[in-house]
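Note that the chains are named A, B, C and D in the order they appear, and that numbering of residues resets to 1 at the start of each chain.
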Amino acid sequence: MEAIIVKPPEAGITFQNLDYKNNGIKIKILENGICGTDREIVKGQLNSAAIPAGSNYLILGHEAIGTVMEDGTIFKKGDIVMPVNRRGCGKCLNCLVGRPDFCETGNFVEAGIKGMQGFMGEYIYDDEKYLVRVPAGIKNMAILAQPLADLEKSMDEIINIQKRMIWRCSDNTFHCRNALVIGTGTIGVLFSLLLKTYGFSVTIANRRYAHDKESKICNIADIKYYNSATGYKFDDNSFDLIIEASGSSADVISQTMGFLKNNGIFGLFGFIRSGELSINSHMLQDFVYKSIAMVGLINGQKPHFEMAMDHLMQWKYMYPGIEKLLITDEIKISDREKITTVLTEKSKDEIKTRILWD
Amino acid sequence: MEAIIVKPPEAGITFQNLDYKNNGIKIKILENGICGTDREIVKGQLNSAAIPAGSNYLILGHEAIGTVMEDGTIFKKGDIVMPVNRRGCGKCLNCLVGRPDFCETGNFVEAGIKGMQGFMGEYIYDDEKYLVRVPAGIKNMAILAQPLADLEKSMDEIINIQKRMIWRCSDNTFHCRNALVIGTGTIGVLFSLLLKTYGFSVTIANRRYAHDKESKICNIADIKYYNSATGYKFDDNSFDLIIEASGSSADVISQTMGFLKNNGIFGLFGFIRSGELSINSHMLQDFVYKSIAMVGLINGQKPHFEMAMDHLMQWKYMYPGIEKLLITDEIKISDREKITTVLTEKSKDEIKTRILWD
Amino acid sequence: MEAIIVKPPEAGITFQNLDYKNNGIKIKILENGICGTDREIVKGQLNSAAIPAGSNYLILGHEAIGTVMEDGTIFKKGDIVMPVNRRGCGKCLNCLVGRPDFCETGNFVEAGIKGMQGFMGEYIYDDEKYLVRVPAGIKNMAILAQPLADLEKSMDEIINIQKRMIWRCSDNTFHCRNALVIGTGTIGVLFSLLLKTYGFSVTIANRRYAHDKESKICNIADIKYYNSATGYKFDDNSFDLIIEASGSSADVISQTMGFLKNNGIFGLFGFIRSGELSINSHMLQDFVYKSIAMVGLINGQKPHFEMAMDHLMQWKYMYPGIEKLLITDEIKISDREKITTVLTEKSKDEIKTRILWD
Amino acid sequence: MEAIIVKPPEAGITFQNLDYKNNGIKIKILENGICGTDREIVKGQLNSAAIPAGSNYLILGHEAIGTVMEDGTIFKKGDIVMPVNRRGCGKCLNCLVGRPDFCETGNFVEAGIKGMQGFMGEYIYDDEKYLVRVPAGIKNMAILAQPLADLEKSMDEIINIQKRMIWRCSDNTFHCRNALVIGTGTIGVLFSLLLKTYGFSVTIANRRYAHDKESKICNIADIKYYNSATGYKFDDNSFDLIIEASGSSADVISQTMGFLKNNGIFGLFGFIRSGELSINSHMLQDFVYKSIAMVGLINGQKPHFEMAMDHLMQWKYMYPGIEKLLITDEIKISDREKITTVLTEKSKDEIKTRILWD
């Protein structure tokens, strides 16, 4: 079969014909999604990228949907599915209960990234327990469920952490809670939509005016857009939750943390590339006085993929036309030149690019 | 009655005879504890110190035990009790459910600190619902229950936060978990003992050799002492939990955070006085990759005072002689000179100083 | 305005013109749903039915959707909303945090049932905090959100209770869990669909063959139908969860409880009308040996109404055509004769009957 | 070594010399406790009793403390320990996380009861992970930690279940909660003391006047005694929690369940021997209206043994002289006649009988 392979830490991709077989049921890949991690691997910049044991290449890709090719015990031929991308170490308690997002040994594997063949090929073979059903009606935006699953897990974790106190409002919802999301990439946009779904008031920020698609999304989902080109100016106690989803400089954390309210929480999702987070003694005292928490957020597992599918279905009703705003580009697998380009650099305005195998 | 009063933001204390009466049952004060917050108020350095509305002075003191002077509905004349020191705003949900430690408005009051008369007087009057029973057998160390209550709340919160994953070990205890406590003051020592009680392996650190009493405490409670005079050198992934209890410079956080293991948690308890916490982008990425959390910890409430009493009882069995090591000084109220001194500066080796009214 | 009123404990309804005004924003009623509780009130059989203080009649109806008639602070003129039907006692902690489903005093009120005017009128006036937004795309089935909210709360409670142990499967979902739902009325059918949405395998039971609509629903949602006309015969340990949703005789509980697996839970939702639940000593021992729980389930609150709206959106994708199977009858308000009939007796095959005011 | 062995389903015990060796460190038994389960095995009445695979006898005994005979990795020679009595199936998730009390397969083993050699011998050998440290100061009552561990788990489970709503009082404690404990055997008495420790008001009931020791215990621990010889008469809504700890007839459940308040919980701990629990339709409706739960409670694990040790230490301070009231008899192992007697029938007034091996 044909597949896109990489050989980290070398840069570059190869379209290769492979004689590939694995355990599990056979799934024909329909499409892949591309994210920043793919580009870092392709550029040879992701230190944690690792070729699977016993192989001399890594099939790229951790976002995929495909068609089941044969009847299994759970799925039937023709079912559309999405594979979960991280698999547990088999040893620590979190992995044993299906939560390798909290793997304690660090010996998990990740499809297309670390120690496990990815999904950018004509076929994959997989154990049915790692497959998530894709409802037919959302097939055209289901590829978003992988990144969204990471955010579902994040929200689940945040809400668990906040059970340390009463964080729900007097009507037992989250409607009195305000969130700031930093960054307008895939993660920033999806996180903002998810927070709206949870009932939060949401402000999304970037260091420029909103692009056209961003404005449209903010408009249909009642999200405020904040241009932080000249810094962040809010009242004290403005936010109950701040999500760093830009992965840019650490400065944005220092600049916004002070706007957290009592019992507030700062969620770190983006992989900060540069800068240094500086927290002065006054802010550290506030951390204590205000019972503030800061937490790193990563990786969704099977329940979160299912929650993501559920939310995508809702969004089609809540935000008509949302899929056209979120899926910003589609490329046929035969267009190798363009694929090579998008796997190297993000196009302006990209939210999610799909690679189509059919 | 006689009381020790202050007039923040002025420095200094006065022994004053007051004509004092309040709602609630009458309690004769037996003893007070002194902590760093008292000294900050006395030195005029605590910005949040505030005289109660309608008064022109603040009775100092938030750590006290006393004898009930009249039969109430819960307590009887002669019962020994400790009053809870923070009282809710009456409006936010956390205060309504008895948890002003998570007050959302910030309009709580604190005895002897902010907006409420304190406990350093011959008598207080209080609503029985704010009183905690002191078992007779631990009267000689019960004054420790107030600071310990803050730590009971902290551990309760930490364990709640860690319910985001499986944090208990394969025998469902915490025996596989390692904690580092920074600081050997009252808080550092009590937090270390509490963590031992929870089953953790504990290392306590200070920038010098252990004093004699510290060595003895470490010895009877199986706590490791770490001299950080030349910095912190541990293996990666050494700690599941780090508690900052020194309230010294922010540097200690930057220097130790990197030793946290996957799913680790950094608890900020001390009020950092100086320096700046710097977290570089590599550590911020680790925060994400390792699902690390950092959280501010403050103030115990009634259930935590009760837990503190429970633990003090245990400690007398688990650590014979511990009360003599923890109570480092006792001063009679008649010794005004010495009281003035201890309310201004901490004595070397102090863990807890008691003021005796009898 | 015109409204349907009752005067419990008298039987019968009256179509009455009222000069009706209340606090809150004005909402024009679009439609009402009818449930068994309405019929009990109309038949004078509901002991807890109570006319609001200061009135001499009770407007019937606790299921409604309507159009907001004026701009409020949360909603705008033209928004479609559903009012929450139970309101708190204002005193107990559960009511203060927006959870009168767990009211401890019992002094809550319920629209159209107990101490609060209901929704079967041309207009209502309500505080915006009790209104739930109805997404336009599900208007034709949104009336189901009120009964479904009760089930959302029930599932939320069940999952909370089961946090006493690990109840999720090794893939962290509920796909390994089996549920039996007794009863094929509105509640039985909606509970079965909800359990499927949560990932359970579901068997629904009634003492007869499935009617045509029931068969269709079971078919599109992959629910097993069980005809219990000759009793219940399953293997031991067949179910992790059994829901009594028939409200018929207590016998069904005795007959099915024994099929619960270790850590299983029996949920009582229906109001049992007759019979006696008998549990022999052998079954009681099993209750202990197997850590079984039995729990009464009642009333959803605002977060559950929102969850219900979310699930109805999903169901339109997951189960195409489901709304036509669930909404079994529609009656215009002008057809007084038919309304009087449906408010007295349930029609064969009824799942949900809507009264249309337009 | 000498040991007391049984051969279920045969009745009777034998004092036997065995050539016994097992994996783990060697522990010299100091004493055993006797409970009703031992007597059922000895009388050949416990259906679940089972000889370990590969053996033709079962060493009796699941309550023991002993002295470690050699240095291990956790314990040192001379340490006093208590072994946990139930061990997991090794397969289900609950057993993998150290909670075989919620074993899902049922394939756990229990020392001295089912499939695992017990502790009534001169020595045992055990994996250190199953050993719990006994503080020296409570050695004379530590044998109570095994039955108490079961109750610690029960309370932990009850409090987890009640997280479905706000169950804590407005001071965040349990002081406003009332409990009824049925039965005055070991379990009834220990459960009452534990509930007092948790802050509940407690009534303990039996169908006769209180014996002298029971009166004394009630007196020092402020527990109300209720003589139910002529039935149970309380006001409605009297109890938030009822614990069945008599293991007598199912009638007591039917007779008391109606006194539960809204959100109340009925805990089944005793193994009901006879009778039938009848719940009429009125009470079943109350189950629903009042959100009542009934739950089977069984078996404590390592964290609960540790909690039990903690509470025993507290009790010595809270209830001076309690150990003499709770330990009602001590028998030397050399007194074979008396041992044979106490292993067959419970003595009047027995709370806990210790067998001493020294």
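We adopt the following convention: a contact is a pair of C-beta atoms (placed from the backbone, for glycine too) under 8 Å apart; a residue touches a chain by one contact, two chains touch by 3 or more.
Please read all numbers here as calculations on a predicted model, not as lab measurements.
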- Query: More contacting C-beta pairs: A-D or C-D?
  - Reply: C-D
- Item | Whole-Å gap separating chain A and chain C, where each centre is the average of the chain's CA atoms | 36
- Cα-centroid distance, chain C relative to chain D, in whole angstrom: 41
- Computed distance of Cα centres, chain D from chain A, in Å: 49
- So chain D residues touching two or more other chains come to 93, 96-97, 99, 166, 168, 170
- Message: If every chain is a node and each touching pair gets an edge, what shape is that graph: line, ring, star, complete or other?
- Response: complete
- Note on the structure: chain C partner, complex, touching residues on chain A are 74, 96-99, 129-130, 135-138, 166, 168-173, 175, 197, 199, 301-303, 306, 310, 313-314, 316-318, 320
- Task: Would you tell me which residues of chain B are touching chain A in their complex?
- Result: 93-94, 97, 99, 101-106, 157, 160-161, 163-166, 168, 170, 250, 253, 261-263, 268-281, 284-298
- Where on chain D does chain A make contact in their complex? 93, 96-97
